[in-house]
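A, B, C and D label the chains in the order they appear, each numbered from 1.
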Amino acid sequence: MAGSSIGNIFRITTWGESHGAGIGVVVDGCPAGLSISETDIQKFLDRRKPGQSKFTTMRKEDDTVEILSGIFDGKTTGTPISMIVHNKTQRSSDYSDIANYYRPGHADYTFDQKYGFRDYRGGGRSSGRETIGRVAAGAIADKLLREIGIDIFAYTSSIGNIVVNPNNFERKEIYNNRLYMPDSNAAKEAEVYLTKCIEKKNSSGGSVECIVKNIPVGLGDPVFEKLNANLAKAICSIGAVKAFEIGDGKDVAKTTGLDNNDNFYYDKNQLVKKESNHAGGILGGISDGSDIFIRASFKPTPSIYAKQKTINKSGENIDIEIKGRHDPIIVPRAVVVVEAMASITILDALLVNMSSKLDNIKMLYSRTD
Amino acid sequence: MAGSSIGNIFRITTWGESHGAGIGVVVDGCPAGLSISETDIQKFLDRRKPGQSKFTTMRKEDDTVEILSGIFDGKTTGTPISMIVHNKTQRSSDYSDIANYYRPGHADYTFDQKYGFRDYRGGGRSSGRETIGRVAAGAIADKLLREIGIDIFAYTSSIGNIVVNPNNFERKEIYNNRLYMPDSNAAKEAEVYLTKCIEKKNSSGGSVECIVKNIPVGLGDPVFEKLNANLAKAICSIGAVKAFEIGDGKDVAKTTGLDNNDNFYYDKNQLVKKESNHAGGILGGISDGSDIFIRASFKPTPSIYAKQKTINKSGENIDIEIKGRHDPIIVPRAVVVVEAMASITILDALLVNMSSKLDNIKMLYSRTD
Amino acid sequence: MAGSSIGNIFRITTWGESHGAGIGVVVDGCPAGLSISETDIQKFLDRRKPGQSKFTTMRKEDDTVEILSGIFDGKTTGTPISMIVHNKTQRSSDYSDIANYYRPGHADYTFDQKYGFRDYRGGGRSSGRETIGRVAAGAIADKLLREIGIDIFAYTSSIGNIVVNPNNFERKEIYNNRLYMPDSNAAKEAEVYLTKCIEKKNSSGGSVECIVKNIPVGLGDPVFEKLNANLAKAICSIGAVKAFEIGDGKDVAKTTGLDNNDNFYYDKNQLVKKESNHAGGILGGISDGSDIFIRASFKPTPSIYAKQKTINKSGENIDIEIKGRHDPIIVPRAVVVVEAMASITILDALLVNMSSKLDNIKMLYSRTD
Amino acid sequence: MAGSSIGNIFRITTWGESHGAGIGVVVDGCPAGLSISETDIQKFLDRRKPGQSKFTTMRKEDDTVEILSGIFDGKTTGTPISMIVHNKTQRSSDYSDIANYYRPGHADYTFDQKYGFRDYRGGGRSSGRETIGRVAAGAIADKLLREIGIDIFAYTSSIGNIVVNPNNFERKEIYNNRLYMPDSNAAKEAEVYLTKCIEKKNSSGGSVECIVKNIPVGLGDPVFEKLNANLAKAICSIGAVKAFEIGDGKDVAKTTGLDNNDNFYYDKNQLVKKESNHAGGILGGISDGSDIFIRASFKPTPSIYAKQKTINKSGENIDIEIKGRHDPIIVPRAVVVVEAMASITILDALLVNMSSKLDNIKMLYSRTD
């Protein structure tokens, strides 16, 4: 089934395997008139590329984006924007042995069962490289959202048991350390912890948080197209995500109405504000104008170098030791992926919301007519 | 935007407000030949109806379902199944005062901003009564899934700080207590806790878990139609859900690859098994044949009787005390809603998966031809 | 599969069989703030109801619409509008014999093959009564379009060999005769012709034309969501339509570029005009501001009283004579259905087009923000 | 809006402008296990490539397809198949003058109005080159359909007033003449006629017919997903198509029920047959097992060399003479495009139909489980 697309109006379709000709995305439904260049997109891709540090895979992937369509004189034309990143340095030989067994924590077994066989090179379609298309599309969404003042950013919020300290949170620090953490102390601790993980041929889980600022009130639609529901789908569609939270998230289960309700008030400029933001910026599935706050929990990289038990396709229980170059943690490179999926989802909701009331329609068509 | 539908092949569309003529659902894409009756559906609706105990609202709602189309001689015909529950005992007068202010934790403000005005009677479209349509549709999905051996059930897993003890877990106990908990001790503790909440004019959060047994391998599609992504959307589209987890959920962020990977092995019948199920039955977005395990965290009921600060539409900061009859906790009545959304999502994935490989197509059309 | 819905933003879902409890429609994605009443909708339904003359079936169907949701204080709320027409005077006994044979020109055989069995009462889901839902939804679309000045109307353009004479075309005449023809002479001739058809136990084909006036430039999207492509689907989804034409339609195959191209010019007010309108108001799939002109060709009513050969389910070739009350021609009652499908399609394209350019987005969100 | 995709399960997304880097398509939802190669696809593309004769544009376009993803060991993997045809010999200079005026019969004006500006090189996105993506996708659909015995082919049925004579119809002749006509005499006449058109700096319209043989009963869904409705959309989404007909098409408006109904009978093998096929293989929107017959009417190429009146963007009425290399008729190269759109639509309906009845589901999942 056509599972490679997401979005209603701003709709992206990704394609490509880790060891095929390349990875790409078609962005359809992008409004015309947005200035965009390959440089704009490359900036985002560089944040997910491998080889940034010893905490990301040492594979040197030359992930250079090429725009194939949809841009004219530096601006989007309203027609589909096709982008490609050619796969250059993939070595299929590294993966030939995994054709015959099923790696724990990977999609090898489920793909084989679903389709009858699979492209076993580097995970094929379930490879993390698929996210290149998401990030390229997210860069476009981000640029458009900034045109109307919306600001989206994500960061590593925890690695193993090391959690970012809110008192030590500095937004600009995110881009200063190799783990994309907004807390320099936590980043240092995490580097120590990850180094130990690598020594033990093990890997670590972690979490990413994402904040949306200056979002208009009204995005998201009852009942099934709630903004939080679409964010949940978008974020949980990223491989390795096992939990999605919005606002206070899982903690709400332990709290009470008096503590969890966010009281409204008028500020001195008679603007509507909330005394707190336990809701994470969404009420009834619709943005309320406060910051949107989401958190994604990532499982540890399933590809570890330690010996593991598994099965092969000949009906045998076997031991394996995975070769190749793998990240000891998924999270740092996934930060920009979470950001991208949030941007894509918010932009789509923003476009969908344009037709929510008759007044909007009258305003646009009385002008256009 | 058309936000009232969910599903690709098995697709449901809900409609109705809490104080309109009724609440309904159209189930489209249900395969022909399934035996279904109003009794089958009523059983599910009775699990969400109010007035079951002092822990659910004392409103007496006579939620009787009527099937209007799509069934002939007791079987689904393949055409849309329209179902309605008439609203009978709603009293609009209870709600007239909320027209002018915005209740904390509710969608009053966001609806007004999005649409220019709202149906303020009882929450209108954002009322919990909307879930009647989901439950009715879920009953049909459940019946079909059972025809091929799939078993889905949900239960209250925590209320406030009281959590179900796995050692005291009994499936049949779920339907023995008024809180739908599978642990009789936890249920008793929770009753005491909730009684205190009521006394304090407060409300409590809680969580629901849902398990899918005997699911075929292969459901869910890469990349955006991952089974877990669609479950995340379906569950997070239920009002009051603030977190979605699959398998070990949020805990994976703290763990390591060695601990989190589920090793495969062949059992004595040469069947593929996993030594553990941290993944919650899904690998690469596709069901792996193990039990699917999901958890939803619900915020406390926002309608509490204690005094709260908020704003009115005249630009004033005011105090309010909410009247009417409200559940002190959403969770017990939401158990069947979570179950319904899981059933709908699993069935849709099951139908979508039919065309995953050429062999399936040849098998069906060589017979039909 | 979920085949009972159409539209992207303005999306309708119809349900119901001719002999079930009723026929209905859920209109989702209708912008908030539109004044609409049951009277507005009933006017449209009355144009398709049976028993209007001897040229429409003499069945007396009391097709009274009831709005069940989505309207508050006389205005659309932005949430789904559910409407129902109860089936009142259907007599199942009339149809009991057709359970065992397949009527020529009907869907009896294909439904049985597709689904394994069928609701054989009165055509079940393939009954013309299904169009009630379309007409009710079309009434809402029409009302909204008129708010921004768009005018859509349809009429009978031919019956058998009797074709409306453009020189005798009067719009108001459409509602003056029982055949909805804009040419009173043609209407008289057609009545004579149809009377003969009835005498011969036969039926007649015919055609319907539909014109859209004052449409903004820009509706419709390349490549697959061309306005004409969506109109084609919408119109061809009406049972009995066997041809769809836009502008000069089928005649373009015989013409040349010099004759078929519509030259542009600036009129005295410097407005863009075309010297002709062979294109029927659409260039490159996008509305050009000229009148949209479409034509649908309807086959004769397949239910005729004359003796016909067919087969039964026992493997026999048999003769049948169809009983019951049937229209000698489908066209007059289908006029409002064509109009409805055009309105629904145009409105959807109008809403979709709102996000075509960044300027529109800036205009709306700079205000809302 | 995301208008570049079509299909429900087998879903294609095209991208690219005539003078950008290339033209491409992503085919999502193709079942796994189908053998497919670039050679399979190139065969189809060669039938639409320019420069085949003096009756097609003399532009030499080296339309060589490259498969970028979705194939492994020569077979489809179930993941998206991305294909690209690089634009090589496009000369932008030919088109620089059209930036400032609106060609009659083209989408120049409507694109400018809709998006605020346009990629004016060679028609940009509204260029006929966009159909490359459709044809590449159609080649895959065709190959899969042939695996289960379905045979789809199209041909030129008329050029100007020259119509194929059914008595002289030879299927293999289609590929013997440069106009893809199944009647060698008609082809000769048409060549003479087209030569005159060229001399007069004029162009001609024409029509294409398409036949689907050996189609299973049951494809297509009531109400809006009727097979004929989806064929209508698919065919009318091809630029220049102004009429779509199925079966007897437009002629049904003039006929009677007795003449138009196709009587059923059992043949000597007790197979269900129809005495005639006025319906064109579809009853109630569902395939009945007879040949599907569709016809598309194409307008003449709007780019003609004769002088034409039009407007420029400076507010002036002007005369133009279009330069460049243009087909004197669209039809011969459009034959394979019609075939492709039919194949795509039929395959999608075939996949959708798999879940029409519970028996199918039981059959597949009892085996898979």
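Everything below uses one rule, namely that contacts are C-beta pairs under 8 Å (C-beta built on N, C-alpha and C of every residue); 3 or more make two chains touch, one makes a residue touch a chain.
On a predicted model such as this, the values are computed, not experimentally measured, just so you know.
Trainee: Which chain has its C-alpha centroid at the greatest distance from the C-alpha centroid of subunit D?
Mentor: B
Trainee: So using the touch definition from the top, which pair is joined by more C-beta contacts, B-C or A-C?
Mentor: Output for the comparison: B-C.
Trainee: Of the pairs A-D, A-B or B-D, which has an interface that repeats that of C-D (more than half of the contact pairs shared)?
Mentor: Checking each pair in A-D, A-B or B-D, only one repeats C-D, namely A-B.
Trainee: Between subunit A and subunit C, what is the separation of their C-alpha centroids in Å?
Mentor: About 44 Å, centre to centre.
Trainee: From the C-alpha centre of subunit B to that of subunit C, how far is it in Å?
Mentor: 38
Trainee: Could you pull out the residues of subunit A that touch at least 2 other chains?
Mentor: Where subunit A meets two or more other chains at a single residue, that happens at 1-5, 8-9, 14, 29, 32-33, 78-79, 114-116, 125, 217-218, 222, 352, 355-357, 359.
Trainee: In graph terms, nodes being chains and edges touches, is this line, ring, star, complete or other?
Mentor: If you draw each chain as a dot and join those that touch, every dot ends up joined to every other.
Trainee: Which residues of subunit B touch subunit C in the complex?
Mentor: The touching residues are 1-5, 7-11, 13-17, 20-22, 24, 26, 28-29, 32-33, 66-70, 72-73, 75, 77-82, 84, 114-119, 124-125.
Trainee: State the interface residues of subunit C toward subunit D in the complex, per the touch definition above.
Mentor: Its residues touching subunit D are 1-6, 8, 14, 102, 104-107, 109-111, 113-116, 125-126, 130, 158, 160-161, 197, 200, 202-207, 217-218, 221-226, 228-237, 239, 242-266, 270, 272, 274-275, 278-280, 283-289, 297-304, 306, 308-311, 315-317, 352-353, 355-357, 359.
Trainee: Please name which positions on subunit D make contact with subunit B in the complex.
Mentor: Interface residues on subunit D, with respect to subunit B: 8-9, 29, 31-34, 76, 78-79, 144, 147-149, 216-218, 222, 350-352, 354-369.
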